[in-house]
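The same chain A turns up in both complexes below, where it pairs with chain B and then with chain C.
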Partner chain A sequence: MKLVQGTAPVKVASRRVTFAHLRDREEWLGPLMIAPAILYIVLVVGFPFFLAIYYSFSDITLGSRSLGFVGLKNFAAVFGNTNFRTALWNTFVFAVGSQLLVLVLANMLALALLKDFRGKWFFRLLILLPWVAPISLGTIGWLWILDSTYSVINWTLQALRIIGPKARLIWLGVPYLAMGSIITVHVWRLLPLATVIILAGLSSIPRDIHDAAQVDGASFWRHYFQITMPLLLPVAMVALLFGVVFAFTDMTVIYVLTRGGPYDTTQVLASLAFFTGVVGGDTAEGAAISLYLFPLLLAVAIAFLRIARRSEVT
Partner chain B sequence: MATVETRNIRKSFGSVQAVNGVDLSTKEGEFLVLLGSSGCGKTTLLRMIAGLEKPTSGEVLIAGEVVNEMPPRARKIAMVFQSYALYPHMTVFKNIAFPLKAQRMGTEAIRQKVEWAAGLFGIELLLHRKPRQLSGGERQRVALARAVVREPAVFLLDEPLSNLDAKLRASARDELQQFQRRIGTTTIYVTHDQVEAMGLGDRIAVMQHGKVRQIGTPMEVYDEPADTFVAAFLGSPPMNLMEGKDCLVGFRPEHFLPKEAFPMTGAAPVPFRVTRLEYLGADRLLYGVLERPFPEQKVIARLPSTVSIPIQPGERYEFVVQEKDLRFFDRDAGHRTEARPLVAQFA
Partner chain C sequence: MQKKQRLISRREVIKAGALAAGIGPAIIIPGRARAAKKTLKILQWVHFVPVYDEWFNKKYVKEWGDKNDTEVTVDNIGIAGLSARAAGEISAQKGHDLFLFNWPPPIYEEQVVDMKDVYEECQRKHGKPIDLAIKSTYNPKTKKYFGFSPSFTPDPVNYRQDLFGQVGMPTGPKSWDDVRTAGKQIKQKTGIPVGIGLAQEIDTGMAMRTIMYAFGAGEQDANGNIALNSKQTLESVKFVKALFEETMTPEVFSWDASSNNRAMIAGQISLALNAISITRTAEKDKPDISKQIQLTKALAGPVRAIGLEHVMDVYTIWKFAENIEGAKKFLVDYVTNFRQGFIAGEFYDFPCFPSTVPDLKKLIANDPKAHPADKYKVLEDVLEWATNVGYPGYSNAAIDEIFQTWVINVMFAKAAAGKATPEEAIKEAEAASKRIFEKWKAKGLV
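Entry: the complex of A and B
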């Protein structure tokens, strides 16, 4: 809204800026309301991010007081390290594995929850629970479930006679089992969000389209893969993008369950960066590790958002 | 080609009876219209015939076979939806080809069939476009082409013209009828628009509250309404209904004319005081009340522009209705009863 310039009453009004006046002036109100969000992003995300970039090109350590520019030396040193390359590989296994599972399971759950049945609200609540619980608390619960001595899974497997009465699976102590365990817990945690997003996508497809596909003679799989899935794609891409970024950058599950062990078989870039930069004190190298995948993630994010926009339907 | 039959079919959603015992049977190649206001159950009935809705009780027969347990794809039907329900992510070609792909037809055969169907509706040049790049009329043609392409035994159309603007609707109606006559497939067409129903249908089934009130040719349902609902539902303005001594007397507004227009008949004059006049170009609508000996009741007269007798609001005129144009209905049940002398009703 524009005020008429140069008349006496306007000058008086602009001198007394009360909230009531502010409410009517969008050119002030808009920036004012978005300011906290911008401040938050600048201080908590932007500042550390640029600081990390700066550190990754320097020779800073936790104890040093000097800050010299060393160019790409940290990145080269990191890539020469076997631990790093193991972690890089693990990161991809962890991220791709968990996201594939999340996508398939979330689709199945969402399709099931779309149908009407008794007690639907109860199942919706149950499925949402892992998302509501704090991550670390939930993961500590899993720590007990996967414990080498008290594992309830082992107990169940023994009771069902799938493994012998004396046999025990060391869930977090054997390389493949440990990777399987952290993927499982990560899937458990991301599934609710993905399910809710996909459920929203499914319910936004008009019923007529499904009816038409049914009348046109599509079998269940043809219907799903040629009608439902393409129409779901824009929304599924958003869910996948969240999931991928989460899987590549988060380390809560790994930190609580395995700390990267056994023998670094569950070490991912995020946890390696933490152990190198914070625990090990080599801040510069830690920064370099954490930034290694940034260009890749950026490219993935742009690609996903593009696909989502292109497949958007009216 | 096939016929469709429903036997005492019912559908309830919770405590709501959407379709309440409908017996219907089409003839071979017939164009049958289900006509009714919104919520009368006509779409639910169509969806049950399509297999998209399961009847609570009763049977659906297609080509003499009970199809209650068959999924839609096994019923050899094609349906056109009110929203057209085109697949938004597919080109027009792929939309039309979809039912054929579902039948696992070969690529070359599909291409030929799609081109044939597109040719029927003049959309050959749109085949590479996406639905969102089409106008309403074009989308409707694509939906029809998709329905025709696998040569179904029965066509089910759910208000396919209601999303078109008025001008386009008239021409689409014309094309639709020509096309149906040409391919001769049994068609069931749902609409709430009586002009569409009268213009398109071989027969019309007038529905109300989940029941069929009357089924007959457009002429039958208009000229010989089975009850007061059908009489008042069809025609615009609807049939005038007067309360007589032991029955309701009905006559169409276009049959209620100034005495001078019928110099020959000996019909008794009806005094009519005009209160309002609407000039509609082709007709004049006269709103007014009857006067003694008739009950003081509001009626409408519709004078074609060929009747040029001057009429002024506020004046009293002598109008007549010919005996043959009078319809008599039961006062309580509303169904048609035998004709009787008019004068005796209002003596």
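Entry: the complex of A and C
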């Protein structure tokens, strides 16, 4: 009896010690803390991704549960399709065009927001708004702005007498205007994120480096190209990587604004995959279209991250 | 004491236990006891005529549920979200008992139950359905009804009477040549163009097929063989190119499904092909322009006068649905009571079983909301000139993918915009169509 009474507190105490000990051991605590994030990525990103790979080598349709292995047939079939080649080209135009603009504009905005001026918080709020608002709602707003009948841009241009009273620019009906429109809306959407990332990078550059250059009489451009840009490169690469992946894989803007029109001139791989796989019912071919650029994106991601790591200043 | 103990035998204890097990949950969890009541879950679009949803969701299904001891729930989602939702339900093998598509959905054939018995029961009660319903829901290859269509929406020509009156056509165009000649004169005189979409959206898909079929062309023949590359298709593409150049503006390349509605009500186009949603909206929002917008029947082409359905209501029942029998009964009863739906929907949906609305002609010939009251009278013989996507064949899986991936829309648009010659545009569309047909043939659905 005595023995039992005496050992119980010892056991509880040893359990407490063990837990406290585990809690303080980094090799346990680290994995424990990161486990939910890894689980989330595995379930929400990893599982669908490997499922898509599996589907792309099969003959599955939306209406069938059985699937047979067909090898590379789907990849060969889509490449022989004119629509696919058009979409491939459009994807590059859309991604490269939008990312160039995002990089330039985000740099300009971040440099401006680094300065102190009255109402800075208000401008920061305005710039962040497109990122905070749901993308589908924001794009529907743009649909109205670019509408062929009620375009507020056309109304303004008419009021300013830049175009005639009966003239109308068909923003989503002429190929180059439509591509310009979707790039503009995509830039509007991604600019806040890129600006915030670059702003964080700019804030982390030690002030004394700029001060020393100032003493040596360096101009703005010299400051920018020889100090700011090299030190900003790791952060800018991350922003660019985010942007490139978004531009190559997202279809919200295109789906809402043009659905790939006029006559497929704004069709990108992501929207073509959706129309083929989900709306058209050919899941296997849709999966193949969506995975076509995966090797390229993987290579781009590795290259960007290596550049970012090499240019890190320690 | 001993005697009493003997009275309770082991068998009685088991009986009592079984009884307690049976009644217990009902006492402890009353909700679970009520769950024995049948349920029926319906998913359908947000109707273009909001009062229809009011009638269907709040009145009809409630009354039907009370009569059939079933708890009916209706979920309404936008038409654009139906495909993704169907894909989700199939993937999860769980969802609604009744799923309404607004177009023929043959690609889901393996996932749905055969509706043959529903058609047979409705035919026994109400006579034969129209050919359009069968062509939109039957697969002759597999001999299966992959859906059931109680109704469809006509796609008449909406025209501005005042503008066509100015060029000597006060009763509107009667043929596609009339649209071309009068449309050109109206555009020259007033600057107002014809408004037939050439974009990647449903109304364009319907309008372009209407012209193709009127010219004797089609994506396939009556036996389901691809027939796109023909002299008739070439003539139809050349006609649309001329129609665009002479009567329209590039804004038709940018349209979505509601753009022609907005443009017509804003007074910016002289003619459109659409359901009666244009006139119904105008009656409520712009009574003045409503008086000028009139309807006319299918326009004649070189071969025939033919029109398409604008919306084909096709109910499907998943194989994994929980209440298949209830869903089938609901459909049979819905068809029996369709006259109520016809009136609630303000004549938007027409019956696929004509005898269910015996006074249809009388109803549409005298509508107090219309200007004039007999505006919708032109639709009285729509059952004779409305046809299905894929005419003269059936709406099969290949036809569906060709429709959903805008192959025909792009063919006409490229030729009209001058980005390809009519011959090149047809050749490209034919290659895409052949590939799609071969694919679905290999899967055994075509």
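Operating definition for what follows: the second predicted complex is superposed on the first by the 275 of 314 C-alpha atoms of A that agree within 3 Å, B and C clash if a C-alpha of one lies under 4 Å from a C-alpha of the other, contacts with A are read in each partner's own complex, and residues count from 1 in each chain.
Please note the rule applied: a contact is a pair of C-beta atoms (placed from the backbone, for glycine too) under 8 Å apart; a residue touches a chain by one contact, two chains touch by 3 or more.
Predicted model only: the values in this text are computed from it and were never measured.
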Determine, for the superposed arrangement built on chain A, whether chain B and chain C clash or fit.
fit
After superposing on chain A, what angle in degrees do the C-alpha centres of chain B and chain C form at the C-alpha centre of chain A, to the nearest 10?
160
Please indicate which partner A:214 is in contact with in the superposed arrangement: first for chain B, second for chain C, both, or neither.
first
On the superposed three-chain arrangement, identify whether chain B or chain C touches more chain A residues.
C
State whether A:231 touches chain B only (first), chain C only (second), both chains, or neither.
first
Based on the superposed arrangement, let me know which partner A:206 touches: chain B (first), chain C (second), both, or neither?
first
One more residue to check, A:170. First (chain B), second (chain C), both or neither?
second
Taking the superposition as given, does A:222 touch the first partner, chain B, the second, chain C, both, or neither?
first
So if I take every C-alpha atom in chain B and every one in chain C after superposing, what is the smallest distance between them in Å?
50
Residue overlap on chain A between the chain B contact set and the chain C contact set?
none
Mind pulling up the chain C residues that touch chain A in the complex?
83-84, 86-87, 90, 107-111, 191, 198-201, 249-256, 259, 262-263, 266, 268, 397, 400-401, 404-406, 410, 413-414, 417, 419, 428, 431-432, 435, 439, 442-443
Help me check something: in the complex, which residues belonging to chain A touch chain C?
59, 61-65, 77, 80-83, 143, 147-150, 166, 168, 170-174, 178, 258-264, 275-276, 278-282, 285
So in the complex, which bits of chain A are touching chain B?
206, 208-209, 211-219, 222, 226-227, 230-231, 311, 313-314
Which of the residues in chain B end up touching chain A in this complex?
47, 50-52, 71-73, 77-79, 81-89, 98-99, 101-103, 131-132, 146, 150
